[in-house]
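First the structure, which I've put down as structure tokens, then a few questions once you've had a look.
Per-chain numbering from 1; labels A, B and C assigned in written order.
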């Protein structure tokens, strides 16, 4: 076995992550530091094996069920890639095509699609108070189904974005940071600015900023959340961020000044989102079927957005970051001035300069998802990695 | 090899099912008793191997083509699971996306999608006189294509529901009954009530009640079909049921009383369906493109349904069954009072009490489909099972 | 190893196709004669192995991304079959479902879907000057992505039909010709008539006639393109055809008489297409969003088509071909008189007589696609074929 793989295995040996076996992945703050470290390490190990053209198939057959309640290209492909890397075939649960629309209960559907499912990936980020709850309902259903002998295995849930967190995105962002800074041990005291930015479109999910402050406060960094007044995120996630920062020896604070957030920052993440309170209101309007109310709210929100066109990641602002060279992050696609819109989240020259790092940031997502699945499905991951390396089946006989 | 697998193989050794090799599965009553027993036995054997984490892949590559002309979650997933279990990738033939809409003939399309297809699964249950015929057209086309040297293999057809029968559903229901009663030998003289039940929705397919009376009359049971006047099923399927019952030493009869059907029943299957004559009329109206006529018919049928709201599987009725404990069956999803509708097929407390058995009933479908494919594709299934067990490739390296 | 496979390997040994490794397949005329011969030979070799039930999986995992910007059954299934044959899972990039509609740039999307993609298959034939360009943009993006370390592998592009060429179709047509005539060496001097034919539908792509004259002029045949005045194809492709013919010692010419083209022909390919100039105009109208202009153009084109109902492949015309027995080709589906339309491209009796050969013609497409992928992904195809034969894994344990 090569030294690099050996070092990953040794790292895993030092971590306690046994609770992840047969588990699920809902929110990063429900996981211990060791568990998160295990995901990062395993993601690196799986990538390393693939780069060495060594197959990491641990399934000879099995299904990865995907349910996307919102449009998605990158997360859809990341999930498909992760499943494929481990040997699972993806089967989409398309609510349009299926009988779910006919009023089936979640419990029943969850079991009906899971007879041979090893993984269920769900994206449900549209309505506050609904997405994460739905995922729990699904997991409760299949856990019960497995206990009752209906399912021969309990499929593991991977949260592909809910109303609260976007763990696969934020973990990929974080692994990118770790690689860029040469290790998690170098992040102590670094300043990270998660800031709102203007977008001409309306109602972008809160799960990215929430996921970022909920995760990135755990590594001793000085995390600042910046947004115009009225663009608050969920208070309970801010509470998580505060506790994380205290425990990790870093800090978390909020400001209404983008300039203040960028000042001296090592990492910036400027991105639009919708106000939490407005999203909550929208959820209620949808529940009441009040389409007039929804339209009125949308107009109102677009007008509100338009008042903050100055919240843009400009060259000028970038120049105020540490040595003018902060690492620029985005979950993509970004609203780029003069490219995808007139006035958006970022100036074209800034975006362009960081294009390659941004693509690399995105490239971690399939491995993060694969690692989450691996840790839920494999009892002894270190032994499994060793066995894969020893088996040495080429992924590609090129 | 473990004893259980050995017992399945010994059972297969006693059965004559050689005609299934390279065959297709249209209607259960076109199969001999031995052939049905082979499907049940193989379904159990495949499930047993999977439970032992032994891969049952018999295909290294190959496609399972699916064509669903009606919405479907459970059958779609069951087909996908069965294909995956055996090593086939599913490719959906979506008539919306394809050029079939452009007027291609069935013969041509059937061949064009089958160059590397090992299986074709079709659901086409909407129009009387069409679905089963369409499946035969497809099979004739690919049989000819194979004979002509166009196709290197003849894909096997699995009827995933037609206008006449729903064999994968009814075989799964039946395997559930066999397991619940501890073997087919214990079914002699048992009373099974296939009864209509009220639904606020309109036009549910006849293939389930027809499939049930066409199959379950073959095991020596006393089968009763109950429905309000005007909800007759296809006469030719009733004729099959009568002949089956005579041959098996059981009985088949029809009644217009749900109470009479439930009285002392060992098994009850209360489920809504549309009248055969109305479905025939609808088929003609569609053929004529008479949308006014269709709307008028729908209204009429809903009004007709509404006259029979008392056809519900209540606690009161359940209490009249054998020891008040008849096995309750349903193909799911059911119309449950106060859950999925105001007044439907079953009271919520009855449904809830049978929820786990209902899910188990559904769990047999992927294995039934896989067994049908296996028997059509493998010349010596006993040898193949032995080889799979000896190979012992783990399905999942967990 | 069997003799037939040995002969394919020996043929490959005589060809120079090293440049195809890590390459892409855009247009046939960008490939050398040796490279085309390598595709044909490898397609035959892969088919031979499959017929011998020997698995040709060279990928243990990996994705084949497909993007269809136009409806497709046969090409979609051919691509899926080819990917499956080699071990890749297909993941559709459905622009409806994805965020591409939200204004993402091609460069970004191409990378985002390619993290674990080994192949990208694109059909984009609707707009003149766009389809082929789009494919190049995608290839440039992933080539750059690979060079930048974003992608661990460069996916290979397979042109599944663009505005200029339809290489997988025309190569399949050509391999069919080679088989029918007993080898490429027998084609010298044979007369091939690529002729326009009437269709009641409008706007069929030019890529088939263009692909045919661009490819089939390379084998020493006398190629005639026939169409009514006003149905010209792209001038630059005609230039390619002329040069090809000169180099191959055959000929290329154009006529406005279907009768003249059929006279003494060995091979006929009567098929409708839209005038190049009209398609160019339509592309501009779409770009300007001029829907009135588009409707007017469609009317105009249908009226123009209707003036040429006599351009039909009749029995009478077929009788004028070499011994009345020219090989009739079509990419399918054809517009058949009295079957799929009143007056179309071909008389029903002609089509029917050639039905089996037409299906065989189509059956080469999955193998052509698989061969294109194989040559781009395998450094030493001869060694790989030998290894596959020696490994001898059954595709199907039947």
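Note that in this section a contact is a pair of C-beta atoms (placed from the backbone, for glycine too) under 8 Å apart; a residue touches a chain by one contact, two chains touch by 3 or more.
According to UniProt, the chain labels map to these proteins: A, B, C = Knotted carbamoyltransferase YgeW.
These numbers were taken from a predicted model, which means no experiment stands behind them.
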Chain B onto chain C, rotation angle from CA fit, given as a multiple of 5 degrees: 120
Equivalent interface positions on chain A and chain B, same or different at half: different
Geometric centre distance via CA averages, chain B-chain A, whole Å: 41
Residue list for chain B, restricted to those that touch at least two other chains: 89
Chain A - residues contacting chain C, complex: 47, 50-51, 55-57, 68, 71-74, 76-78, 80-81, 84-85, 87, 89-90, 201, 332-333, 339-341, 356, 359-360, 362-363, 365-366, 393-398
Parts of chain A lying in touch with chain B, wherever the complex brings them together: 58-63, 65, 89, 91, 93, 97-105, 108-109, 111-113, 115-116, 118, 145, 148-153, 377-379, 384, 387
